[in-house]
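Structures follow.
Each of the next two complexes has chain A plus one more chain, namely chain B in the first and chain C in the second.
Here is the complex of A and B:
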């Protein structure tokens, strides 16, 4: 009676490379269906990078003295700057809303002995912090607090 | 370059993540008042008169907030633009693009530290 064949008897001496299909762009990429929000979320990177340099410019100008500082604030009333800063505001709100929505989904089932709070509670806390810090920051900067 | 990018990845991700979270939270108030409110006359110009603006910016909390407003959005921006570049152009040129973008963010961060300390 013949012995049963070894399960690896027909295996090649060296495992071959796993064949994978070449990468291809999904048909709706970049601006159709759910890819639109994905692409726009990444594209806000350009606005954030420019905003970082904008704040850097403001800080350096503040260090240059009163005349330079007043000229900077006056210059920001130009339509091009207003348009960019409105775009920046929309970008920041878009990023915040989209990113905070991910938090409840990204929670582990348990954190040590405790379960994370329900999704709506986490989302509510994030919005409370966002609105609270913004209100505080606006209050301080506009002179309502420490005026 | 690829090895270096892999090594600094945890730091980049930390700055990127905080750029989205803290950057977004801080930028909202900054844009509303400094970029739009005062220049458009919605907020009184006295609120950001030079002496007051300098006093707010040059204390320790002000410096930290300004540094966060400079550094974190830059890294969020650099990393998201890298991701966009991979999506549109593939990973073939990623080392060059990532090196350039992170280099810009690193230089900006360095200039930010100097500017905030010099206030």
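Here is the complex of A and C:
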């Protein structure tokens, strides 16, 4: 048998006259079959949490002066940090692609009197914005813009 | 029958009068090549073990009665060919539901949730019969037709990881049916339902696993309905903030 679900899952407000066996979870959850992609999608949250702590640490280091900042940057060149940033990049790409794939069908058929564009157009717009914003940030960080 | 190739069916059994917890029982079933899993279960009940309990009715994927876990996948047993399955077939009651007996699950909880979303046409003012029918164009009909194809088979609930964790969650089919009526051009109850959908355990509990849509045998796409309902609930809330009477006439 699969692992138990919440004991009250799908239970009626008032229990019936017959004793029931408690509900069990979907047997393949969390790591088998199609659930694997969903679980990995959720697990990327841990990567973003660590990234968030990293950003906070970087912001605090900025206030500690040039020497501390250079030490932080050289620390980021360590293989462990590089591997973590690669993991973060893969996580962002994975979440982005999954989110963009599912987003168009979340559009209602009408928003007031207006009809949203067809799914493929929405998908194209999302990717265009993603690429555009990424290019903008690359430009800013490399000094090409505001440099 | 004896010449037919045999498959082993491992069926979950639970007798509330005798069993502490569900157990499994194995049955050797000679299977016709064109059989569905439901045919094999009916064979077990008719020829091997008359105490087996399972729900079924139409045998053509219309009534939604025979949903079960087949080798871990929520499936309509009348639609799942035995020939596509390995030699050992595990049949269990739908996940995420209390089990009444063997393969029969308790659906009362779902019916209570369904009622909450008011799955009927709500009119601000009823039209007199002599005023004629409520006309609807094919384009207006197309906006909700997909969501009206739900047969309440509960496969979406069995696939949903949120249902397993949050007992208050209305769940995919109930929200899809509520959204179906909110999208119907004859309905004037969308604001009422949006208020329900903004409550706890409703559309915003959905984490968009999309598994409900993957297993839906009628291609209703409940995940689309849930997430469209999220969008509408937010738009309705925002409109209510900036326009008098929420922008409604």
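As a convention for this text, the second predicted complex is superposed on the first by the 125 of 147 C-alpha atoms of A that agree within 3 Å, B and C clash if a C-alpha of one lies under 4 Å from a C-alpha of the other, contacts with A are read in each partner's own complex, and residues count from 1 in each chain.
Keep in mind that, in the parts below, a contact is a pair of C-beta atoms (placed from the backbone, for glycine too) under 8 Å apart; a residue touches a chain by one contact, two chains touch by 3 or more.
Remember, predicted model here, so these are calculated numbers, not experimental data.
In the superposition on chain A, A:42 contacts both chain B and chain C.
Using the contact criterion defined above for the overlaid structures, shared-chain residue A:30 touches chain B and also reaches chain C. Considering which of chain B and chain C touches more of chain A, the answer is B.
By the touch criterion defined above, A:70 lies against chain B but remains apart from chain C after alignment on the C-alpha atoms of chain A. Looking at the shared chain after the overlay, A:127 reaches neither chain B nor chain C. Of the two partner chains, chain B is the only one touched by A:62; chain C is not. According to the touch criterion, the shared surface of chain A, contacted by chain B in one complex and chain C in the other, consists of residues 23, 29-30, 42.
Contact residues on chain A toward chain C in their complex (touch as defined above): 1-2, 5-6, 8-13, 16, 18-30, 32-35, 38, 42, 102, 105-112.
Note for the complex: chain A touches chain B at residues 23, 29-30, 39, 41-56, 58-60, 62-63, 65-66, 69-70, 73-77, 81-82, 85-86, 88-89, 92-93, 95-96, 99, 129-130, 133-138, 140-143, 146-147.
Chain C makes touch with chain A in their complex at residues 12, 14, 16, 19, 21-22, 69, 72-74, 92, 95-101, 105-106, 108-110, 112, 143, 157-161, 163-167, 171, 183, 207-211, 214, 221, 223-224, 227-228, 230-232, 235. The residues of chain B lying in touch with chain A in their complex are 19-21, 23-41, 43-48, 50-54, 56-57, 66, 69-74, 76-81, 83-84, 87-88, 90, 104-105, 108, 111-112, 115-116, 118-119.
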